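In the two complexes that follow, chain A is the common piece, with chain B as its partner first and chain C second.
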Partner chain A sequence: MTELLKSLRTWPWHIVAPVLLFVAVAVLAPWLTPYDPAAQDYMSILQGPSWAHWLGTDYLGRDLLSRIIGGARVSLTAMSIVLLAALILGVVVGSLAGYIGGRFEVVMISAIDIFLALPSLVIALALIGIMGPGYWSMIVALTLAWWANYARMSRAVVVAELRQPYIEAARIMGANHLHIFSRHILPSVLALVVVYASADAGALVLAIATLSFLGLGVEPPTPEWGQMLVDGMGYLEDNPALVILPGLALTLVVVSFNLLGEAFALSKVPRPARGLTLSRRRRDRAKEEAARAQVEARP
Partner chain B sequence: MSILVLKRAAIAALLVIAASVLTFALVAAAPGNVAALIAERMAGPNASAELIARIAADLGLNDPLPVRYLRWLGDAVRGDFGISLRSGKPLSVEFAERVPVTALLLFGGGLIAFALSLGLGIAGAISNGGPVDNVLRTISLVGASTPNFFVAAVLVITFAVTLNWLPSFGGSGPLSWILPWATSSVLPASILSRVVRVNLQDAMSRPYATTGFAKGLTRSGVILQEALPTIAVPFLTTFGAQFALMMVASMVVETVFALRGIGAFFIEVIRFRDFISMQAILLLFVVFFVVTNLVVDIVCMLIDPRIRKAAGA
Partner chain C sequence: MTEFSRRSFMLATASALAAAGIPFQVLGAGHLTLKIAILVEAGNIDLLQNISGLNTYTLVFDPLIRYGAGGKLEPALAESWNVSDDGLTLRFKLREGVTFSDGTPFNAEAAKWNLERWMGKSDFSWIGVSDAMESISTDGATGLTIKLKQAVPAALLEFTIVRPVRFLSPKAVDADGNQSAPVGTGPWVITENDNSHTVLVRNDAYWGAKPPFERIELLVVPDELARANGLRAGDLDIIGGDWVSPLSPRRARALESEGGAKIFADTGTTTMLLGFSPRADAVVADKAVREAVYASIDRAAMAKVLFEGFADPIANLFPPTIPLSGKPLPVPTRDVAAAKAALTAGGWEEAGGSWTKNGAPLTLSFLVSEESLPGSRRIAEMIQAMLAETGIKAEISSVDNATMHERRPAFDYDLTFFTTYGAPYDPHGTLGNMFLSNVDSGPDGKIYASPELDPIVMAALAAPDGPEREAAMQAIFDWLDANRALCPLVAAQRLWAYGSNVKTFVLPPTDYDMPFEGIELNG
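Right after this comes the complex of A and B.
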């Protein structure tokens, strides 16, 4: 983690800035929106840009600018919840599998492999189908669709760390499992997994928008870009901006996150991971990542 | 070689079986009773307990899980997937109507992505840092990050609403296929052209490229004659993965363009909570993913003797 902070000075700010802008807009949304994003106004339906409504209004007279800004907040919130939950679940399951070992590890690895074998969106859709559509089903489904990769990485780091002499030294000095894990292993796990998780943010924003577009995610009247887009599809001839602007906002955010993820992945390539035995695997992954431009962009 | 293929096929079959167990377990573990759901569809929210019990007995829902699983799988293998709660038609009939639509979408889009990515990737490698390369790199980055439903929307706005050249819905003649194909090919073409570009770059620093230059070939000559054949394996592997993901994308593309394919059907049955159809479609998806993977693996083994050797032929 400290390594990450130290590299702050060398960060490519032209890549970080768009992401920060998105986060700032999302956080400050309640103060930035000129109108309540859900407020309907039947006197001004499907209007073009004006001084009252800078970007115009939709078919219920809702202010488009307010809805786009509000949509940023909804996207960021949902994405952060899923990312955090998937991260915790993945790190806990992966670390336990690696630390406990034995039959438990074998079972957990099989579970992880099955989850990784299917496209995340298919897993998420199957789970939503079972739980029924809705905001929290989407959150749970995406978490379960996303945790496996973090679990796999966590397990690999734990297994590699357990072979280190300082673990043995700690054990000889009488440190208990909790101490060994939290002081010596967890920091290495987090250092790797957090970086990869940040690279997944773009794909997650996209997945949330896709599910909402399909009517299986964020529900109206909450403003969400994917759902605004599908709403606007019915009014293409009246006001194509209803479709184009949310789509552009979404694309820009995904591009920004993907560029950030790519920068992270590439900056991780040459640095040998403090003698971790997994470095070859990590290098292979990074290479693979660079090759497909990290923009796996799960549709 | 044939033993190797058989081995891979056996692994694939095991994977399908494992996934079918998972699919079955997932739906069996669903909260709420399937029989109650069906009764609700038939008789409204006040369905009698009697009706629920009769439906459960008819569907064999009272049998132990392993029995139900084997019966379901046995029927599925024989082409009987049950009756869709959504449409009331047998799923085999639904599949017979819908699989060709999705297949046409995937093959058309896949073909475009294949040709486009090779062309653009090679053009980028020949330009090598020149303006063409830079433009192509930007296009592929944007193409890989743009949501497919937004791509569809932009294409519809441009070619259907504004220019009025093409229909904005599928399923009405050959012209109506152009926009769905274009939409589904943008993402794979973007990612694949990057793969072509990066691997060609890598190949240009290899000794065989130097040999090509020594023989007096130009840069494009070396790329086409010496470098291009060597990227076949990474290209095909990525193509396979992207082709499988096109199936996922088909859910969005078919929904947007009102195509009556498997992807749109999956979304419909999820909204309707039609577990019987969901189960069958998931099984179909898994088979598709596994078979795609298998085909790519076998083709790679056929074209690259090193992979055969590594796999122990």
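Right after this comes the complex of A and C.
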């Protein structure tokens, strides 16, 4: 804990702060929105910024600030669910493939390769085409489109770790598979995939917005940035704020997450999860592994 | 390598510029051109193929009978006609002295040849007279008789539509009988046609009144903002229409407020309405729910906010511009209390802002496809909020066109948008296709269908022209209103905009026609 507190001073706050701000806004959305994001007021449609509506109103008289804030919550929630699910699925499948090996590994790697060969969004679109549009089918589709990278990275780390002498030592001492995996391998796997996930979060926010833009994701009256973008298109000429505001929000969030991911990868920020407690020697090695796995994982 | 002196370069440039300017000079001197924006390229304009937009055909090809303003039938290639009392024989007297633009005479033989290309063919069985055709015969050069197996109530109206019923020169086909060039008897002749523009020149041999200008250019401009800018810059003279190059109400207001272009808006011929699923186990099978939905909607706010005032709130199935559209019903004002009272009377119980009946919640599935009906999602959002104030939860399900066309015929929805066909197809088109339980309505589905309604619609469609049909039609509208079978919303107005080159603008009879008749340009 003291190590964490000490390291706080060395954190690049200009990179972490925008992401924290986004998360804070999303979590506190119900208390921050001045209006119900879905409340329509036909007496004040398409208004510019004023004291009553800081960012103005849209074509149904809904408060834009409230919709942007509400949209942050929707994006964060959907992104977290997909990321967590893809991470769990990817780590489980990848680790098992690496740990068990043999024919199982070959089959799993082929499956992973098939998923990696196709662009994620194409997979997601195809799956939504099968399941029909809607919030939960978007979540499932994105999870299935996103897990393969994590599986591939996890497998690479597991295979590398298994060759280490201390695994051999643990085996000789009679440790069972579960112990070896959870105590000696999983921390290294997580240290890598969590870093990757932090950079992936931005891409995922964008994918969610893209699907909603196409009318395949979040349904009204839930505010969502991609949906706000497409609905505002018809007003681009006279009320560009309807398009610029959600576009700007989306851009800032994506850029923030990408910067955070980069900072993580370059170790400006201490790794989350078990990576924090690793010894310097092991941390360096994990870093090397990570770099190698990332190169390998690149399609 | 030859070196150009500065002088020869200047000379060459100047002469090139002068040469480039010549065609425009010539055009400017007495050659008036009407420039109309079209959404997509005109295509091959084949009368038997469903590729081209219908409007371009109307410049080149004539019908036997024209659909005039307000649904009045006017003579075109047929000077007169009559229908036998049993409705089985149609006799046309054709206009004399008409030639196709390639010089081929138009006579009874040419007309018969044209009709035989589509009448009685399975591809065109959706047209009543084609489905019922028994024989076509000629009587001299101007007599044409069509015999039918059974009476077709809207037979004459069907001869006013665009494709495939208009007339092609018998010489404009290849060895296989396929159309090789769009040669008709109409007021315009196509001289250039590619994917960016179509040029038409006046047909000086045209049998009718000749247009006061010589050229029409149809310019393909797919983007609405680009069309508006083209109009502002004078590169375009006319934009708008449902099918030519749609103009949104918002853009129309913007153009109007700038003062450069003029907007022409007129009562529309189509109704946008909410259809209730005819499925017996749907929540909306309960009339109380339909009453509540009907009373919850603020049609005036919808017309004002989403259509910028370019729409008329409506309670009838058809707007008054459609013949036989029935007595106008008063447009209901929004009444949440009445909506709640209807639900309470229907046995629904309110608790915590939502309704339940026998433990089942009042949740409606609202099928919307922005792709099928642009702008419909915004309208759906508005209706969703209005229903929410009554305590009715509407779950919007936005789908693509293909899914819409699957779910609509299967009645897999509680609420969905419908648009009536409009002139010249109505009232028969919408009533005959979307209100009969035993008719295959195809991917468009049915607005409402019930065994009780079937005989009423059938009787009206078969009723002889005149007061009898009017009464039979009114019986349909009365039944629909008494059973709250549908929820009409607004009739969107027909919107066109024209620039300063246009002196007078005249709205074409239907939105399937291309505007040019009666239009005058500033010389």
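The rule is short, and it goes like this: the second predicted complex is superposed on the first by the 253 of 299 C-alpha atoms of A that agree within 3 Å, B and C clash if a C-alpha of one lies under 4 Å from a C-alpha of the other, contacts with A are read in each partner's own complex, and residues count from 1 in each chain.
The rule is short, and it goes like this: a residue touches a chain if its C-beta (ideal position, glycine included) is under 8 Å from a C-beta of that chain, and two chains touch if they have at least 3 such contacts.
Model, not experiment: these values are computed from the prediction.
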Can A:I167 be said to touch chain B (first), chain C (second), both, or neither?
-> neither
Could you tell me if A:Y59 is touching chain B, chain C, both of them or neither one (first, second, both, neither)?
-> second
Partner chain in contact with A:L250 - chain B first, chain C second, else both or neither = first
Is A:I45 in contact with chain B, with chain C, with both, or with neither (first, second, both, neither)?
-> second
Now for A:D231: first (chain B), second (chain C), both, or neither, which partner does it touch?
-> second
Thinking of the overlay built on chain A, is A:G215 touched by chain B (first), by chain C (second), by both, or by neither?
-> both
Have a look and say if chain B or chain C is in touch with more residues of chain A.
-> B
Which partner does A:P119 contact after superposing on A: first (chain B), second (chain C), both, neither?
-> first
Determine, under the contact definition given at the top, whether A:P133 touches first (chain B), second (chain C), both, or neither.
-> both
Residue by residue on chain A, keep only those touching chain B in one complex and chain C in the other, then list them.
-> 132-133, 215-216, 236-237
Counting only contacts in the complex, chain A reaches chain C at residues 38-40, 42, 45, 59-61, 132-134, 215-216, 219-221, 231, 234-238
Touching chain B in the complex: which residues of chain A?
-> 114, 117-119, 121-122, 125-133, 202, 206, 209-210, 213-216, 226, 229-230, 232-233, 236-237, 240, 243-244, 247-248, 250-251, 254-255, 258-259, 290-293, 295-299
In their complex, what parts of chain B are in touch with chain A?
-> 15, 18-19, 22-23, 26-27, 29-31, 140-142, 144-150, 153-154, 156-157, 161, 187, 190-191, 194-195, 198-199, 234, 238, 244-245, 248-249, 251-252, 255-256, 266-267, 269-271, 273, 275, 278, 282, 285-286, 289
Mind listing the chain C positions that touch chain A in their complex?
-> 225, 248, 250-251, 254, 301, 304-306, 370-371, 375, 377-378, 380-382, 384-385, 388, 395-400, 403
